[in-house]
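Across the two complexes that follow, subunit A remains constant while its partner is subunit B and subsequently subunit C.
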Partner chain A sequence: MKTMRLFPLELRRLLQSRLTWLMMALTVLSPVLGLVLYKPATSTTMLSMYLANPAIAGGTAGAILFGLLTIFELDRACRSRVDILTDAVVSPLTTALTRLLALLAATVLTVGLTMLVWLPISAGLIGAVFTGANYVLAYLLFLGLALPLGVLAAAAAYQFTRRADLSIVLFIAFCALSLTVWAADWQLCWLNPCVWALSDDFSNLRVFRSVAWMRFTWLLALAGVWTISYLCIRQYGKGVFGSLARSVRRLYRPVIALALLACSGTAYAAQPFLDHSNPDLTVMSFYEIPYAEGVTFVHRTAQVFPDTDAGTVTGRASYQFRNTSGQEQSISFGINPGYAISNVKANGADIPFTVSDYQEYNEALLEVTIPAEEEVELTMEYSGFPQESMPTMQGGKELSDEYLCLENSALSPRVMNVMPGEAGYPAEIEITLPENMLAIPFGSSEAEVVAEHEDGTRTWRYEHNGAGGILYAGDYIREDIEAGGMTIEFYYGRKHQAVMEAAQAVDAVKEVVDYCTEHYGSLSFGTGETLKLIQSRVAGGGYATTGASLLDEADFTAANLGNTEKGGGAGEVMIHELVHQWWGLGNMFDTSDPTSPWSAEGLTVYTTYRIVKELYGEDYAREHYVDQWQKAVDDYYLNFYVRNPEYLEMLPEQVQLAISNSLSQVRQYNEMPLKIYKAEQLVGGEEAMDQILHGLFNRELNPMYPYLTYQEFLSACALTEEDLNLG
Partner chain B sequence: MGKIFRYECRRLLWNKFFIGLAVVLLLYGALVLHAVTILGVSHTAPFSPWSFGDYLSRMLPLLWIGMLFFLTFYTSPKARRAAVLMDTTPMPPKQYAWVRCAAALTGGVLLSLLCMGEAAVFYGRMFHWYGWGSLLLPALTVLLPALVFALGSGWLLGRLRTWLVYVWMAVPFLLAALPLPEVLSLWNGRFFTAYPLTLGTLDPAFALPAGAAAAQVVLLAVGAALLAAGGSRRKAMR
Partner chain C sequence: MELKIQNVSMTYPSGKQALKGLNLDLKSPSLIGLLGPNGAGKSTLMKLLVAALMPTGGNILVDGTPLNKSESQLKASLGYLPQDFGLFDELTVTQFLDYMAALKGLKNPKAAIREVVAAVNLEEKARAKIRTLSGGQRQRVGIAQALLGDPPFLIFDEPTVGLDPEERIHFRNLFSRTAQERLVLLSTHIIEDVQSVCDQIVVIHHGTILFTGTPEQLIASAAGHVGVFYEREAGQEAGLHITARVNTSQGIRCRAVADKLPPYAQAEEPSLEDAYLYLISREADQ
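Right, the complex of A and B next:
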């Protein structure tokens, strides 16, 4: 009660201090660091650049500032040598608790102020894809919860050591740990959460949940440590151990401390987000499981029920096998490690099953023994929180009423050691989703609504042929575009509508598909009649399969569409990104060699130039493309490090890498298109170059090395590297 | 006078404020060196006089602020109250003002040397380059007129109104935003990135066009004149 009576007084005193207001003002300003200096979120979505980075930087700086303020405040009485007097009036334990509460209240006030100040700035920077929910959650989790952690850590350090200098060193070392060696460990980086991207167009609940879990774990841990330090507060003139012995006489105090630490340990160990997949990605032991003898696949069905509020999945799967071996057989399935399996039955009878502790490529191994009967119907139920494997790139298993992507074993258990039957691996999948979501099977299948429910959900059904399968669903807008002799189903997030319309996305798709199909040929992954172009949640890249191709949302942000290196305007960058369906996905390129300008970008930029030339005329294309390439290449050849590579070699490896990367960007986006432009003139003009590129695009692939190389390009042009020298 | 000068230097330089300013300056300097200077400007080496001049131009706003902060030691309301006591001492006021200016200039020079020392260490560590002599001319061209002018103008403004010194701190930022003509481009740092490209050769030696040199001489002269005016108007200002 005394603490509650003293709290308003202490808070008022704290808020009268100029240092407190200075720390608060610096914390309010500190998100600016995330715009210019400290950018842990590496993705180029608008929310990553203008929300995640400022909030994380603000949280990091704010926690350090408030930690230092805490030490300064706790040391005030001791520094002024009035601690003997104040301790005689109020118990030092009461004082410590009151000060902690006052400091925590100051952090709440600071977070509120910061959010108010940055609301209009963030909304202005982020533009059309700004939402209040993302803003509030990002600032509360990335910034807001960092400040009390800083206060607790610094207060504990001071209460243990009772020396300001020593506790500052300890606190800074603790912060430095988070910023360096723990930075890649999503559970340990207490100061700077592991966030690589926030999606502009879809929800970010998965990332927010993960950060909230980490903060919650650390809040429990630091509250526990603070409670122990609280027991060590010096009283009655005793030392640390004497005071501890005195404080623990009230048994509930150490019990609370231990309970907090135990809860924190449990939260750390029982995190539901990440699996324990083998980090050695060269090991693929699940693919070495021998096929079950005499067992063939007949059919499978799955009914999947995502809970978009909780982010979990429940489902029922049924498999029909033909077992001609006359013996029991062990069937292996890959399941998402976050799922629990239950109720496994073969022909209606319960059968035993095991789930391995070993995990590989985001799958655990489920083994079921089927009976020695010819026709076997195996059914099972599964449920849980789908886990992912990459702690530094979380968000892939986002599951909300705006977006979900269930891949292979996250959709339903994937058969691994059964030979396909006459019809392959036929499957019928049903999924029940909120009514605003469209179900988009990643492939040639089309999903249709088979039932509408009173709770506002709809059940979608589609057929598929394969042991796995990928399903996208979300709050998408679908535009059907007739182009290149086929129907392009273009799906993009509803929140991105304004940006897509401004970039004339539909026109761009039509122009690119028409142009590229006419000049280079149809996409190999189109079915001939339809092709789905699906804008995915930020994932770090795209991929394609028969009938569908993925576009990463990061390529279509307002910032990227304004990148003049890729095109003269948003519409042209849109064209550039779509051309990557031909040069990038349709024809793959090996990982870029830093010493060579050859990459998917060269042909993509060149093709963009050709399309723009056709659309806006030669003068426009020359001014915005060829002249720009020439200027950038001239600058490149004059660059000091290009002329004096020995100085580049003197630099530390990381600096070398940063400079080389920036130079190689120039080479890929400017030098190579200019070389291709020169090649075009040497081989006899645009028509001849189109024929060469058509031939390269439709060449027979070597399955061992399916990449298009520079040498292949030169050979097709009957030119040598020297012929294309620009110097 | 030597004793008073040493005392004033100690008062200005031996405190948390100077250390904090030096730390901020070094951190910002490291940032500029690692992010901008390391790439070199106008196709020249990172250790060319042009790149070094660009580095100093980027540091100049902080040095300008530091110099004016030193002056706030003499122009603050507290210092004005103490001046009543100082005036009773048997010391020529003009000389006392000069000593104080000299102490402030010493502070500015020390901060500048810190910046230059940091760059020298950077060049040595990164490129094993130690030809510091070639950097002296750009350093003098950029720093000397600007710091003397900061001292002279700040001294005068601080005596008129204390808050004017703080307003004056924003001048380099204002200049950076203004499209100044080429002769004044040393004042916002664009000279070092634009002028070498007009010389038409690779890795040109450091050269100053007559117009820009004249502008710097005028700046230095005006700074010195303001300093002289400020020093001689001591009694009237109180």
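Right, the complex of A and C next:
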């Protein structure tokens, strides 16, 4: 009660200090750092560049500034000996609590001011894809909650040590931990949240939720630590332990501290966002499970009900198997580690099941034993919050009324050890979505609405052939484009409509498809009639499958599409991903050997260069492609570990992996395109190379070994490996 | 208001024993002068009375209730001016007093502030930032905050330090008026201040009480133990403590206290300062 009475007084006093206003002003200005200096969000979406980075930088700087202000303010009363007067009137514990509340109120005021100042700036920089909800959530979570964390940490340090110098050292060390060794751990980086991207065109609830979880975990932890430090506030001339012994006599105080710490520990351990998949990506033990003897796959149906408010999924899946073994068989399914299985029935009877604690590639193993009957129908119900695997690239499992992506076992449990039947792995999927969302199966099949419900939702149904499958859904606009003799279904986010229209993206798609069809031939896979081109939520790149190609929204930003140097065409990754429809789909290339430069990327990057050259001119293409490849390859050949591979083996496994992955990227994305470019010159120019590539694209396939090999490419060019040496 | 100090001891963690089994009754209205040399235990006693320290032995009762159970009651009825204190420099005098008034929970702070500002002669500086005040003016702000809210129990530790003689007299009178209805504990080195206004004196030395009583009683205890003589006449007697040396036309005239005056010393009427010094010197000789 007394604390509440004293709070406005302490706040007023705090706000009469020039230092307080200086710190507030610096915090208000600090988002500038995110525009010029500190850019933790590496994606190039407008919201990453102009919202996430300023807000994270502002939060980082603001928390440090307010931490220092806290130490100064707490120490000032002691340093100037005002505490002798105040302690004679009220308990030092009351004063400490009041000062903390005043400092926290100052952070609230600062966050409000910062948001007001940056609202027009952010709206102006972000442009058409700016939304108030993203702005408010980003500033509150990335910046707003960092400031009280800084205050709590600094106040605790001071209350423990009662020395300003030592408190500053401890506080700065705590900040440095977050900025360095904890930076890649999304739960530990309390100061600078692990946000690599914010989507412009779709929602960011998943990212906001995970940052909020991290912030509240730390708020609980630091509130607990602060409460313990509060108990150590020196009283009656006693030292830290004497004061603690005195303060804990009121039992509710240590109980509150311990409860806060326990809640924080629970929140840390029970986070729902990330799975515990084996970090060693070379281990693929789920793929080594032996096939169930005499069991074949007949059919799968799934009814999926995403809860777009909660971000969860509920589903029912039914699997029909033919078991000719005459014995019970163990069937394995991969399920998303965030899901719980509520029951499994075989031919209508409940059967036991187990879900492994071990996880691999974002899947846990569900194991059931089917009866020794020939026709078995296995049904199961599952539900939960889909988890993902990459802590530093969260957001892939976004699920909201603007966007969702359910991949494989996140859509329905994926059967792992059953041989395909005569029809393969036929499946019929139904998903119920809000009416504004379009369901887009990633592949050649089309979804159709089969029911409309009174609650404004619609049920979509589509067929698929595969044990897994990927479904995208969102608030999309669909454009049908006739190009290259087929219909391109171009899907992009409704929020991006103005940008797409201004950039004449539809025309760009047509140009690219026409170019590839003319130079290399028509796409022969899938239906042959259609190709889906889907703008995805920011994912760090795109990928393609039969009849569909995914394009990362980062390549469709207003900044990228409006780049005048590119002549106003679409982003080059869009071209790149489209080219993968020609080079890289299905089994055209064998599983990439990381030690070899030969992969789908070589021809794709080379073709992208050719299209870019045609679109934007020779100078642009040379500067942005050939010169870049050359520079990367020169650096590669000078790389210490390339020249001395024996030293690479001596490094710790993780470092070794990071370096070898990086070198592999250079080989595939730079060395091979440069080799193909050299081959083009050796075979007599672009036209000759186009003829060779046309021949390779349309060659007769050996069904036993359908892959396009480097040797086939060299033979078609009448060249040897040595001819293409770049050294 | 009544404070009972019962067999109170205070030993610091360093092992230093600051107070040894102190017993004292303080009852309002009274203005009590607390005297003692540096390190005698005066400040420790005052810190115990404002609950800044907890005694390591004995009890302090506030109106019959142990201090550890009536700490908030004590703080609510206390005005305290420590010897070494600070102020918030960025605030004005009025703002600082307003801050302290709010800490004390005063219901009509403006009137209370006006009253104490007038009492300490700071009307002209009421709106001045504290950082612009002189040492004496800051001391007056300290006195003002102690007086805020008419607390029934006031503790002043060296309140007239830094004040000019005129101000000292002003504050002496103020303390005297204040003590008509309250319990005021005044610790000072300036015996003159005590002699002028205190109705009771407590002398502490080496953590024990040497004397409690009225100034007159303390003076009376030194009768026959104060004498004057010229330095040239003096011998080497032990136990003779010179308290003043004055240059005169006939030589240096000394004033001294002793348990037994030497024959060449002429007895004088003791002052309060003489009595205090006699008390302390006698303790030192023992």
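Definition applied: the second predicted complex is superposed on the first by the 557 of 727 C-alpha atoms of A that agree within 3 Å, B and C clash if a C-alpha of one lies under 4 Å from a C-alpha of the other, contacts with A are read in each partner's own complex, and residues count from 1 in each chain.
Everything that follows uses one rule, which is that contacts are C-beta pairs under 8 Å (C-beta built on N, C-alpha and C of every residue); 3 or more make two chains touch, one makes a residue touch a chain.
Only a predicted model underlies this, so the values are computations on that prediction, with no experimental measurement involved.
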Partner chain in contact with A:Val89 - subunit B first, subunit C second, else both or neither: second
Most subunit A residues touched (candidates subunit B, subunit C): C
Touching partner for A:Leu119 - first (subunit B), second (subunit C), both, neither: neither
Which superposed partner A:Leu651 touches (first subunit B, second subunit C, both, neither): first
Touching partner for A:Leu615 - first (subunit B), second (subunit C), both, neither: neither
Touched partner set for A:Leu244, first subunit B, second subunit C, both or neither: neither
Subunit B versus subunit C as contact partner of A:Asp635, first or second or both or neither: first
Residues of subunit A that lie at the interface with subunit B and also at the interface with subunit C: none
Complex interface listing, subunit A residues touching subunit B: 37, 635, 638-641, 643-644, 647, 650-652, 655, 659
Touch list for subunit A against partner subunit C, complex: 2, 5-6, 9, 13, 16-18, 79-82, 84-91, 236-239, 242, 246
Footprint of subunit A on subunit C - complex, ascending: 12-13, 47, 50-54, 71-72, 75, 78, 80, 82, 84-91, 95, 98-100, 102-105, 142, 145
Subunit B residues touching subunit A - in the complex, by the definition given at the top: 31, 34, 38-40, 43-46, 126-128, 202
